[in-house]
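Below you'll find the structures, each written out as structure tokens.
Presented sequentially are two complexes of chain A, the first with chain B as partner and the second with chain C.
Moving on, here comes the complex of A and B:
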């Protein structure tokens, strides 16, 4: 669905490329997350792939369309949910979606259904100017689905939302994933990326450092640990033991054989810890 | 076409919900009020003559009839010189004439207000002398008046002013306001949302241009119908207004395409508007028409609008300039569109 090769982009007033030689592929029905701190090049990459920025260097194919020969028809296939809400404040929620749906040449979803899906049906006829930041974000999110995109670009879809709404948005994304929509997710939220993504790409300072599945990343870079709480001689003990260290593995076997285990669970390294380990940068 | 109508409908809806359109309409109403209630139908100053005829003057009735035979309401005869001077003190637009019998000769004293220039005084003196020459046998008036660039028939001074307001408020409305609308879309980020739909940049820009055209036609028609009434040749008016409005919007689009915010573009837009306004100086004061002003687009616009108000309008001239402005608008529009394709979403 997406095929990117040696993508490079430099802004007009930039002293160095915002992204350099980025290459990756996204298969149909896959959820691919670009993870990186602010200014890493995530949004620039997405900007090029959605046609908002011109293709300067490299090659990119999106939904079967070569971006060197852009066709407006590409936009019938894709949906874009922006990080910053961008709806017409002087139009109502319903008017925003009705206007937007008429710009597409394909079958679209009913605006009322979309508003209901994101919990804005009660305020459908209110001007967006009166909406809270979260409501505007949900309207922007709903709008990106109106043409039932085969390829869905999501830029920080839950950033700045309260937990309940963020969970609602996450559920909608999971539903779309299950129905076969290809998704390119750009975020610095590791938890969201891990929950939703089939594969993750770490991007830092305009370079794609690593691409793999969350499981493989953890297996390859995470230290597997076991936290065990047990009773011995009428006293409670707690230990954290590595499964990759031979001595600690033996110690775990000893505890299991001789003590009364109260709690025992594995503890994996978080994606954030792996990101720092791989890139040497924090996700700020 | 569906996308264009959708975009146009959205822009008109937003326009009706924003203050720009209402500013335009209020301005049009103000212009109508000024033209109808402040600007006189004619600027011709009708000076009243306050006359005193000495009691010893022979044939007083003949003098009185002679001086007032053309415009009786502009001649007032007083009983004393003091009455004339007192009346002149109250009416600064009048002049006095005192005719006395002095040693068997007629003495003429012209009483002016004091603000008249030396040239005017000399002219007055010369006119009186010339008046005497007319009484000589065989006198023929050598003066022939020829109008080189006169006002078309049927145009009053008030109507002569009307094109200035039509050009600045309705025809060139897009020059400034279309840029404001685009910057609002940029600020709200909605331009990026439209950019990721199958609608093209041309659809987006044309929607805005059509919105400005409707605004210009509404305010322009309102102004011209209220001030000129049935005098205006409405068909010609719509043609030239459409052409000039399209030109103004296309020029506004092109200027705005070089900047990414309203604040940054204000200087450039202001300079363009001031330069265009210079044409009104030559229009109102034809004796000052240097070629740098005559080549400004607003210059022929003013005369084309004036022509729509004439009793016998020069249709060829109106259509010619309309074609020129539509052609120029098309060129500017394409240039602006090409620039926006590269810069609008960056």
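Moving on, here comes the complex of A and C:
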């Protein structure tokens, strides 16, 4: 669905490239997450792939269209949810979607259904100017689905939202994933990326450092640990022991044989820890 | 293609009708036209106002007073000045057996016939006496207020179309909605046509309504439409350019105001400058538009002139 090769882009006033030699592929039906800190080049990459930025260097094929020969038909197949809400504040929520659906040649979803899906059906006839930040974000998110995109670009879809709304958005993304929509997710939220993605690409300072599945990343870079809480001599104790270190494995066996275990569970390294280990950078 | 173009235009109309500044732009020309119409003399008046010089026969003054107000002025110059004023007053000069009626063109249509009738009754001329009543005006067939006020308004409304397009573009930039439009299946050409449509439609509707409100007679609407279309195109280009380079409505309106200067300069130059200085204004399309509308209002324009100008 997406085929990117040696993508390079430098902004007009930039002293160095915002992205350098980025190459990756996204298969049909796959959820691919670009993970990286602010300014890493995630949005630039997405900007090029959605046609908002020109193709300067390298090659990119999106939904079967070569971006060197741009066609408006491409946009019938893609949907873009922007990080910053961008809706017409003088129009109502419903009017925003009705207007947007008229810009496509393909069959579109009913605006009322989309508003219901994101919980805005009760305020469908209110002007977007009166909406909170979260409501505007949901409207932007709903709009990106109106043309039933085969390829869906999501830029920080849950950033700045309260946990309940973020969970609602995550559920919708999972539903679309199950129905076969290909998704390119750009985020610095490791939890979201891990929950939704089939594969993850770490991007730092404009370079794609690593691409793999969350499971493989953990197996390759994560240290398997066991967290154990036990009682001994009427006192509670808590220890974190490595399963790969022989001494710590023996210590675990001793605890199990002699003490009263209260809680014990394995703990994997988080994606954030792996990201820091691989890139040497934190996700800020 | 047309669905997308009309979607853009329809959105702009909807958004514009909820914007106080655009509403004002839409209504102001019509309100000004209504005010101008109210001040154009003659309409609705049924008495004849006259001005005579001191020493005119008392029987004449009595006769005129029986049909309206009479002002007795010092001399002929004073009468001429009075006639030139913006209201509806005839001058009546008696020189022996000769009576002169002075008008300036802003009197109610047909009221001169009434003055003539009054004077004939006053004279009660025997059929064997030679009597000459002459009627003259001082060069104007339409009041300056009607002629120039309506024209200035017509030319100026073309700018309002461009201004509305500009404000809608600035709105898109402020709300960052252009990015959303850029990832929809609409081409740049469709978007520009959709955005520009109002820049033509609004000035044409304004022009027609202004002409109706002003009550001009025998106007060639097709000619006016052609003139308005041609200057609306220029205003539209200016509106697009300002819209693209400004990120907020206030700075865009300020830029547009600078554009008003050559427009007003061209029109007032056409009114007040002597003919020999007019070549200085030939560069301005608004000068030509003003002259064209003037010719249409005065019924001096014909399609032959239009076509030769176009060539």
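FYI, the second predicted complex is superposed on the first by the 280 of 284 C-alpha atoms of A that agree within 3 Å, B and C clash if a C-alpha of one lies under 4 Å from a C-alpha of the other, contacts with A are read in each partner's own complex, and residues count from 1 in each chain.
In this section, contacts are C-beta pairs under 8 Å (C-beta built on N, C-alpha and C of every residue); 3 or more make two chains touch, one makes a residue touch a chain.
Model, not experiment: these values are computed from the prediction.
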Task: Clash or fit (per the criteria above) of chain B with chain C on chain A - done: clash
Open item on the list: Just to be sure I read the superposition right, which of the two partners does A:72 touch: chain B = first, chain C = second, or both, or neither?
Closed with: both
Task: Which of chain B and chain C A:131 touches, first, second, both or neither - done: neither
TODO: Tell me which partner A:12 touches in the superposition: chain B (first), chain C (second), both or neither.
DONE: first
Open item on the list: Applying the document's definition of touch, where does A:53 land relative to chain B and chain C: first, second, both, or neither?
Closed with: first
TODO: Answer with first, second, both or neither: which of chain B and chain C does A:141 touch in the superposed model?
DONE: neither
Task: chain B collision site on chain C, chosen from 22-30, 58-66, 112-120 or 130-138, when both complexes are overlaid on chain A - done: 22-30
- [ ] Report, in rising order, the residues of chain A that make contact with chain B in one complex and with chain C in the other.
- [x] 50-52, 72-73, 75-76, 78-80, 82, 84, 86-91, 95, 99-100, 102-105, 140, 143
Task: In the complex, chain C residues that touch chain A - done: 3-4, 7, 10-11, 14-15, 18-19, 171, 175-177, 179-187
Open item on the list: Please output the residues of chain A touching chain B within their complex, sorted ascending.
Closed with: 11-12, 47, 50-54, 72-73, 75-76, 78-80, 82, 84-91, 95, 99-100, 102-105, 140, 143
Open item on the list: For the complex, give me every residue of chain B touching chain A.
Closed with: 2-3, 6-7, 9-10, 13-14, 17-18, 188-190, 192-200, 342, 345-346
Open item on the list: With touch defined as at the start, can you tell me which chain A residues reach chain C in the complex?
Closed with: 50-52, 72-73, 75-76, 78-80, 82, 84, 86-91, 95, 99-100, 102-106, 127, 140, 143, 147
